[in-house]
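Note that the chains are named A, B, C and D in the order they appear, and that numbering of residues resets to 1 at the start of each chain.
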Amino acid sequence: MSTRLSVAVIGAGYWGPNLARNFRASPDWHLAVICDLDAERAQRVADSVGGVPVSTSLDDVLADPSIDAVAVATPARTHHPIVLAALKAGKHVIVEKPLADERERGAEMVAEARARGLVLMADHTYCYTPAVLKIRELIADGFLGDILFVDSVRINLGLIQPDVDVFWDLAPHDLSIMDFILPGGLNPETVAAHGADPLGTGKSCIGYLAMPLAGGAIAHVHVNWLSPTKIRQMVIGGTKRTLVWDDLNPQQRLSVYDRGVDLSLQSKDTAADPRAANISYRLGDTWSPALPEREALAGVAVEFAAAIREHREPRTSGGSGLRVLSVLEAAAGSLQNLGAPIRIDVTETNAEVEDVKA
Amino acid sequence: MSTRLSVAVIGAGYWGPNLARNFRASPDWHLAVICDLDAERAQRVADSVGGVPVSTSLDDVLADPSIDAVAVATPARTHHPIVLAALKAGKHVIVEKPLADERERGAEMVAEARARGLVLMADHTYCYTPAVLKIRELIADGFLGDILFVDSVRINLGLIQPDVDVFWDLAPHDLSIMDFILPGGLNPETVAAHGADPLGTGKSCIGYLAMPLAGGAIAHVHVNWLSPTKIRQMVIGGTKRTLVWDDLNPQQRLSVYDRGVDLSLQSKDTAADPRAANISYRLGDTWSPALPEREALAGVAVEFAAAIREHREPRTSGGSGLRVLSVLEAAAGSLQNLGAPIRIDVTETNAEVEDVKA
Amino acid sequence: MSTRLSVAVIGAGYWGPNLARNFRASPDWHLAVICDLDAERAQRVADSVGGVPVSTSLDDVLADPSIDAVAVATPARTHHPIVLAALKAGKHVIVEKPLADERERGAEMVAEARARGLVLMADHTYCYTPAVLKIRELIADGFLGDILFVDSVRINLGLIQPDVDVFWDLAPHDLSIMDFILPGGLNPETVAAHGADPLGTGKSCIGYLAMPLAGGAIAHVHVNWLSPTKIRQMVIGGTKRTLVWDDLNPQQRLSVYDRGVDLSLQSKDTAADPRAANISYRLGDTWSPALPEREALAGVAVEFAAAIREHREPRTSGGSGLRVLSVLEAAAGSLQNLGAPIRIDVTETNAEVEDVKA
Amino acid sequence: MSTRLSVAVIGAGYWGPNLARNFRASPDWHLAVICDLDAERAQRVADSVGGVPVSTSLDDVLADPSIDAVAVATPARTHHPIVLAALKAGKHVIVEKPLADERERGAEMVAEARARGLVLMADHTYCYTPAVLKIRELIADGFLGDILFVDSVRINLGLIQPDVDVFWDLAPHDLSIMDFILPGGLNPETVAAHGADPLGTGKSCIGYLAMPLAGGAIAHVHVNWLSPTKIRQMVIGGTKRTLVWDDLNPQQRLSVYDRGVDLSLQSKDTAADPRAANISYRLGDTWSPALPEREALAGVAVEFAAAIREHREPRTSGGSGLRVLSVLEAAAGSLQNLGAPIRIDVTETNAEVEDVKA
């Protein structure tokens, strides 16, 4: 690789500076411009990374033929028009989570990118942490066996958001991680969401998502803004081993337990009656793999560049962002139906999944 | 109190010896006889508590006018006939959990006891641990404020039971505790149950129960036989404080956090639009009350005697056992409906609740 | 092995019942008699294990030719006369810790046993727990490399003993374990003890023992009766790996860290100046071996029988009990000298060590 | 307060940028100049705080009459000449830990500052963390009662320093904190140091410091560069309560235990024989005070300005830095004497202590 790709960061709010800093530091990228309607805000970000041009015109940025890609870090409701405009201008796009504020808009973005042969990447930053990369690798290598359940808890005393409920605020992390680590992506047929708003804030502050998976497995997410203690834990049970990821324990973030239940069917007769099957219990060792220290966003920048150069879907593709949106939208439907399970709309989603994971 | 009450222990299997030992050690009780169809098994229990008469005839025991009460520790499917017989013989009854194997049978038992003015007590042993007694007291005293949520996790690598699923095996603990500590008992209008049997054992090994409570609150239970790590934790969020009970941390079983979210509506206008309300955050001290060391079953024996002597419902009444059954039965219905929320049948339950908690 | 060995338990106080129960349950042993000056106390223990003869005469017991061995669980100051009498009567002996109340008496006991070719075993029960057995095995197999340091902390709100200080009460556990797991036994040249009695109870309630080991290594023990929290932790640092034993964490009692510092001397020049040496850091995986569930005292009974049958020193020999006494006695001397390091008297000790560990 | 004090930061290495940033952000201070022999390095620090003048001449800086104070963040061996020069130029001085590389030099610095009526402050940053400030307050308020023991553990896989051993690298933190929180400062009569260098690096990598305190109490420090796990814990036992500070547990950094041992002497007779005294045990509640989020160095800047304006000793005075040096120097002496306790030279120290704490 001899030449750097050129990128514009759109949006100089909360997340933009992090993107700018990482693109600036990346050998793959040339950070061309910081674009924000608020010139002063753009300038502050530009200064913080050592003097980069700024612009207040998205049109100018998109019209610049020297720019290969844009990184969109604007409010979610603006993702759809900005990303579509960028794609139509021939730019590769990475977009902050959530991909869009509605599933259908996300689907349109994914279709547009595919039609144009451009990379559309979801900035699911968490997926590029050393812990999640290791989990994905262990599952892909068959180290856990077939996945039996994924249980994720993400609770703490959180800021009650003015515009979104606890599902849209916190669950995208869990869902995008599940999509990243599960061999077939996150593809539940239905979602049941149970929320509570006991303080009367107008939106759920406590939430549970139950998602049956293929083969009798289940994924579950617990998010909560009202917990006085902070927990960030995901348990991934497999037929061979079970992994516990405790993100708040830097001394042992990942623990892989060789403990579990084995069920061996011995003949046709027992197969006919599972209760007659032989159940045995494993109580083996625990292993905690060492993890490198690495900033996740640096990995995001590397992957975005690689996908462009290799003309392939990025590991966290627009399709993965769309699957997350599909679950969130079905969850919202379930909430309105008092927790009834809702089928997930997969019209656009599955096609994409096949592309990505094949 | 001058004279002891006389009790027979029916069933010398797993739980019977514990009941026998505690009745034997209690100053309130005279342990009269151990009754089991298996004479040898009965004798072993009798020997272990220092020589008590044994019997293999339930009829003989019930016909003995010197016996005031029976403690039933036989398999769940036999609770109904044995308890009814005992009540009809004029005996007070304490019965191991679950109260019965079907809600309707439990209701019949409760009605029979009430009609005869006899005590029917559910042996919800966990409720008499120092930790749960303290939680009940703190809530009753208003120390936590109004309850916003109760989240209970009870997971470990558990023995897969041949006859019951993980809900019926583990959740009775969580449900009976919730019934015990919540001011109005556990009275969700609906229950949604999500189970998974990824090993194909023929019954759920992983389970989630979501139960909306009055006033927008929610109760949730996570039970799991396939977890390599053991967790016994209940978080009880209140408007004033939040309590975390970690039963596996003997050095700090209960932690009460003066942390939370306050929502103050300032005028009619903001009341109309909750989003305009004032939200503030408390980050106060944590407090962990000292707990006495005390065996829970000793407290069960004390309470059973006191209820008989004071002609009152015990703290864990037949009605509370019935409420637990109602939730379990609705959960089973929800499971069959793929997680759809099911209304709880309260025909017999509520009347009882009023009695007990009034 | 066709016939059982016959054992008498001497002393029916705190520890005697545990010995009686384990000898009774062991296929290696015939529990012949419980001996105590207090006939009633002896009878209670005899009853609790299902009816064993009792005696109030030590002489009678020792005169009985059918008895092969005695287990002494009497107060420490009586160990010396009882054990000597038993050895002189030709009995093998196991004796509760500490071996004796003075090092010289312990040495006399060890010499007597050796002269007569009898087994004298120290009941260092902790050494037969699955955790300590595993640690010993890992060190013996070279898995940790050369030992660099052993740091043991044993603190909690403890009962202040009327007759012994915190060193004699708690440190025997740490010292006997160190003696058991270190390849050459516990053989510091000097001991420095720092104690404090800030409440004025007349003896140390807080204690620290520093013991330089061969090759620049160090062993250290912290014992404390005044700590509100309970800690039972030993860290064993090796050139290859470091092991942490947290006895209060049943879910992960042992953790083996492949982390550490490597020092590679590259030439004569750097060897001359260690500061020029190459230092590198390993940050590898953590591994927690599964441990079986097994009662330690059952292992004690097995080892005592095996040592007798195989005419060999037991794993926790009288010599190991003597090494523990040597350290305790030197520690007492250091305390009287305000913490000055005291040389350990090894006159009788080393000979024994060579026997045992050769 | 209307005008800002003017400060020069001397030394633009590891710690200088932190000092510069905090003085720059403080309303009490005007950051006048960054001074370093390496102009480029000085410029980088100046740029990072938004453009401050730089200088490569200490003489010029000290000759500038507009500068009120200097903050010295140069290597320890240069503290003595730089600080003396600054004091002679009439500047107030704050100096990074350790105060000097030898106790005697530190004493000269303290004497010089006192003679000139200038503030000499030790930058014991840890003392200004919310946790340590709270501990000091609780002890000063008598909440813990009289102090019985202080036990500090500071271990992790640390970088082996080329020039100092583990005592000089890590223990200054523990010692300066003890000096800060103990009502009379840290004034042990003797110090015993036990070190080990099992890798042959030429200096201690593992260290223990035992320091008897007045009234039978004891302070102890364990520092270790070879531990695979990281522990930062201090236990402070008092007659009324005991405090545990676990700096790596952000959810509960401080825990105050109302647990302990009470010793009540009931009469002259029992006073004569402490063993006859009445010992009782408290098992009360645990309390964890909420701590504000605050950067410690900001508090350092505030305190330095206040001490100058109020013509008083700062909370972490030169005298406290000197007491830390006295212990370290005595510890070095103890190490050379194989762990023999060494008396602390207090010729200059105590006078200062009286000033500061009176």
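In this text, contacts are C-beta pairs under 8 Å (C-beta built on N, C-alpha and C of every residue); 3 or more make two chains touch, one makes a residue touch a chain.
Note that the structure is a prediction, hence the values are computed from the model and not measured.
Asks: Looking at the contacts, which chains touch chain A and chain C alike?
Replies: Common neighbours, chain A/chain C: B, D.
Asks: Please identify each chain that touches chain B as well as chain C.
Replies: The common neighbours are A, D.
Asks: Which chain maximises the distance between its CA centroid and that of chain C?
Replies: A
Asks: More than half overlap in residue numbers between the two sides of the chain A-chain B interface, or less? Answer same or different.
Replies: Result for this pair: same.
Asks: Taking the mean of the CA coordinates per chain, how far is chain A from chain D in Å?
Replies: Centres of chain A and chain D (C-alpha means) sit 45 Å apart.
Asks: Can you work out the whole-Å distance between the CA centroids of chain C and chain D?
Replies: Once rounded, the distance between the two centres reads 40 Å.
Asks: Rounded to a whole Å, what is the gap between the Cα centroids of chain B and chain D?
Replies: Centre separation, chain B to chain D: 54 Å.
Asks: Could you pull out the residues of chain D that touch at least 2 other chains?
Replies: Those would be 229, 259, 283.
Asks: What part of chain B is in contact with chain C in the complex they form?
Replies: 229-230, 251
Asks: Can you tell me which positions in chain A touch chain C when the two form their complex?
Replies: 252, 258-259, 283-290
Asks: Mind listing the chain D positions that touch chain C in their complex?
Replies: Residues 146, 148-149, 151, 157, 159-160, 162, 190, 192, 194-202, 205-206, 208, 210, 212, 215-218, 220, 222, 224-229, 235, 237, 239, 242, 244, 255, 257, 259-261, 263, 273-275, 277, 279, 281, 283, 338-341 of chain D touch chain C in their complex.
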